[in-house]
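Before we start, here is the structure in question, set down as structure tokens.
Read from first to last, the chains carry the letters A, B, C and D; within each, the first residue is number 1.
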């Protein structure tokens, strides 16, 4: 009898895994296998129609000697630095102000979310029209104010910030909604206690609200880091990576080498580097937030 | 209605043993309280009986059935959780009916039982509210009602009163006692509050570090604590424990305190092992007395008036704090120097192993 | 969520209906040029159609009407459609015919992804000697014909003669065009002084192709090869330096519009914002239409010419559209036959297609009075001889165009020195060529 | 309602920000009602009459666009349903159940978050060619189901639910699946709504995968279909038409959001009990 118990327990454990099995099958088929395939490709000379041969780490060596690739790495980091902190902070600010049940708040929530529903094609088209120095919205306004219109997208230093603004306009809905969901779960009693303690708005924010939504904050940062590292459509459609490569991100590099130059092996190597970068960035962020939590 | 038998049950988390070969028999219809400090394993034991924790060794039987291999739902037990664990998205009615539906009880029978339980706990008007719309006390009643409708062989209650305010706690305590009388079902109640244990239990099981310290009726536990741990855990205010040396042994044992004072006890000296002892004196057996001739002299620090009695917090000359008791109309005031008299027939002695030695029970 | 689930179910059911059977041979034709079914969906009168999309759709409609045994499935893809095509070919899901730029054919041909069509075309009386030089070169590799040319196109010198008149650059009713870089700068400065407007209108924002085309044209005009062989670019030459220097000067002296993207440049030229718009053959019809509109700044003031000869040789960089047949071992004889009939039909309608503004692919059309009677075509006829694609053995012309354009733009805008840009250009292009 | 009133400065700022957010959107809307020819001559003509419905008429002129909308709906709804189901099951499994290798598997799934689409898209394409799945709804939906974000979100959410609830249900004799389905799943509705919106959104706006997988016009999704109708220089020749397409593409999804938004508020309000 006694031996029955452990055997039965192990059987149950395996049936428990049935809950995760359907997802794991898709995960393996659509992520693990393709990723392994990509890793293998990155060690070959291939195009989309076949593999010419194994080349070892040649592709990686070539990558790190390729000034264009190195610039795309820097561009990508620069873009992430421009957008992620702003998305998180603005998203939180919006959520804080709009976290109430008044009708105006609901309307504003919808407005701030509306741009998220547009596809990248439309977003970039609109913002190209906004940034155009000749007849764009900004230039019309600048001229009306007596200034000289600036060619944002044609300026090496301003093009990336312009893309960042476009991206923030487009993506602000996601962090806002995530923060709203988190704020609505902060127990009301905490605010009541703070009010009784005569805490100022600022103190309530920093001592009550922020600690309560700390995990969401970390979540938003990780999600946005992952998303923004994969910048692609905006520069592809707004600047083609220019001027002078100032806005060419890694994914655009991967796309151009893989699909346009047919150098699949080389593109795969760049994709592996991007994967490693995202992984490291996400882990650093995770480590930072969990360390803060532990303290 | 069934009894419960625990036969050498053990529970380990990795290398840590939380319950070590524990055996206990609970009679059908009995109200048993598991009492102990947090971390003593009382909740784990309860959850093992419920089936929420696996059993690493030994057997559990409810009635004639061995249940330790059964799923929780198949054991015929109902449980009231500390945080109530009501299903937040269901109405009160649905909360109560959920378990019955799972057991395929016919719908009209469910309605009948839900109505009866709701009536008994006076929650009829709440039946169609969402459980999240209830106050703490109401949630508690729903949790109990949800347990009752299942007509279980065994009720398990895991610190069900700890989230209620004092008044509500007293009232609910009484109601649980009445409930037990009315249903007659076996109940196991877990608490760290010795007052709840004393007032509710037929028998108290005092647990410490994964093992049983003592099993007995409330008054057994109170009057003849098997160990120093039990003596100090049960009783409020806490028993006074003073290190002593055995001075003379005869029919009675005479002990000497560290400050040289001599106290007589009614403990039979023949039973005592050699070595240092601890004298246990409950406050109610230490009374103020005239300074002359009293075995102890002390200075009063705090006078705590409880109405029907008065607690005196005093220090002996060597600084040892003691709690003594006086009548409700005590004239003692802080700063007074008083003598203390001890009732020898209520004095306990604990040996170096912590085992208690008590005066022979009269009558 | 239940209503959504129901909706999904309803749609699923709906989508499973409507499948029809017919016995016709199916011909899958994949093309760009956009969709205009709303306007031309049922039009079979080719002569009545306007614009690339309209004429293309109408010719295909007409073909289907004339060939009731063939069902044409028209797969319209976003320009230029090569990512999609590449994916399809990798998945062995090849269409029967695809529109393809001449500059791209070599890439697919070299990987065995296309079937030659020369022999088949000969059986229906279409031979390479009927093509213009540029068209023939676009489809000929290793002596075989790999597609049916639709057209050739080049960049053109679109002139606002109203502004030219004001600038004193009209002689005998004809615009005065430059014959050397110096003349170009001098005339442009004269234009700027007299009209207060820039001489050139260029689309330079978010657009690199025109940089490349200008660069290729003016290096070619100096008789210097752009590539020494199939694997080596030849950009660090004085000729290349001169070509970039010219455009750098034009920009530095404010003789061109700046920072306009394609649509802004078009609007600017239409509104009289500059003298000469550097854009391709495809705009001839639009601007001609505008010149007939009394409200337009181009009213009675539009003329168009091939790029002027500024250096030793009179050549213009050219590319063109072609129909090619992807290799497909499963293509049936009937389908193959349908492909051939389709190509023959298109060859017969080359003159109709040429109304788009593109140069006809058949020499006979260029020589025909009908084509010459189209607006401005007489002035453009010489392109049949001056249009010069890049050498056929140069593969990856598509990504190379991007690299050359990016570096040229950086040099012209002053982001880097011309020599540096040419060096980077050559290094990057060689990098691409050497890793083929 | 939260404590306190909105600070007037904050209110002013946010209203200004909202207006700035809206300007491009209204611009798109206005452009979509302008004749293409007028815009070609001067984009600023958008600020003046006349306006026209011509672009919308062109858009609906041939039935294609309805087919594409339907394809997009099927794919987006299918992917949303699939992601919700798979993520909920897996989230429950990872958060609540014990099985060999659980924590290692969970970490591996989390690492999947860092995999960029471009790193796997080609291999996916070739794998699905091997099984001849291209040009089916299945092929359009399948890759989206592998996104680890949903599993991550649902696991976190299930973990936040007190274990007491499961245990009470266990004692009520509910099976493991019933506990998941009847007791815990209803508590995750806010997370389901959030995940649902974002899955639907990314499926609806996805361009790359449908472009290379759905090469048959009958299987085009709205994004690919709309792109295919554009001419080489569509932006010049049909700006108004393009914007009408954008409005059409964005509208269904905005409606979906409005629907879900109400749902989120209700769910959260219900769960919080006020």
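Just so we're on the same page, a contact is a pair of C-beta atoms (placed from the backbone, for glycine too) under 8 Å apart; a residue touches a chain by one contact, two chains touch by 3 or more.
Because the structure is a prediction, the values reported are computed rather than measured.
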Chain A to chain D, fewest steps along touching chains: 1
Best-connected chain pair, where connection means C-beta pairs in contact: A-D
Remotest chain, chain C as reference, centres from CA atoms: B
Between chain C and chain D, centroid-to-centroid distance (C-alpha), Å: 37
Whole-Å gap between the CA centroids of chain B and chain D: 56
Chain D: positions in contact with at least two other chains: 42-43, 126, 227, 235, 272
Multi-chain contact sites of chain C, meaning residues that touch two or more partners: 83, 87, 90, 264, 267
Multi-partner residues of chain A (each touching 2 or more other chains): 48, 135
In the complex, chain A residues that touch chain C: 45, 47-49, 66, 68, 128, 132-135, 151, 153-154, 156, 237-245, 256, 259-263, 266
Residues on chain C engaged by chain A in the complex (per definition of touch): 82-83, 86-87, 89-90, 107, 111, 113, 204-208, 257-261, 264, 267-268, 396, 398-399, 402, 406, 409-410, 413, 415-416, 428, 431-432, 435-436
Footprint of chain A on chain D - complex, ascending: 1-4, 6-7, 10-11, 14-15, 17-18, 21-25, 27-28, 42-44, 85-87, 89-90, 92-94, 97-100, 102, 105, 108-109, 111-124, 126-127, 142-143, 145-146, 148-149, 151, 156, 176, 180, 190-191, 194, 197-198, 201, 204-205, 207, 223, 226-227, 235, 242-243, 246, 249-250, 253-254, 257-258, 261, 264-265, 268-269, 272, 274
Residues of chain B touching chain D in the complex: 47, 50-52, 71-74, 77-79, 81-89, 98-99, 102-103, 130, 132-133, 146, 150
Contact footprint of chain D on chain C as seen in their complex: 1, 4-5, 7-8, 11-12, 14-15, 32-39, 41, 52-53, 73-80, 83-84, 87-88, 90-93, 262-264, 266-267, 270-271, 282, 286, 296
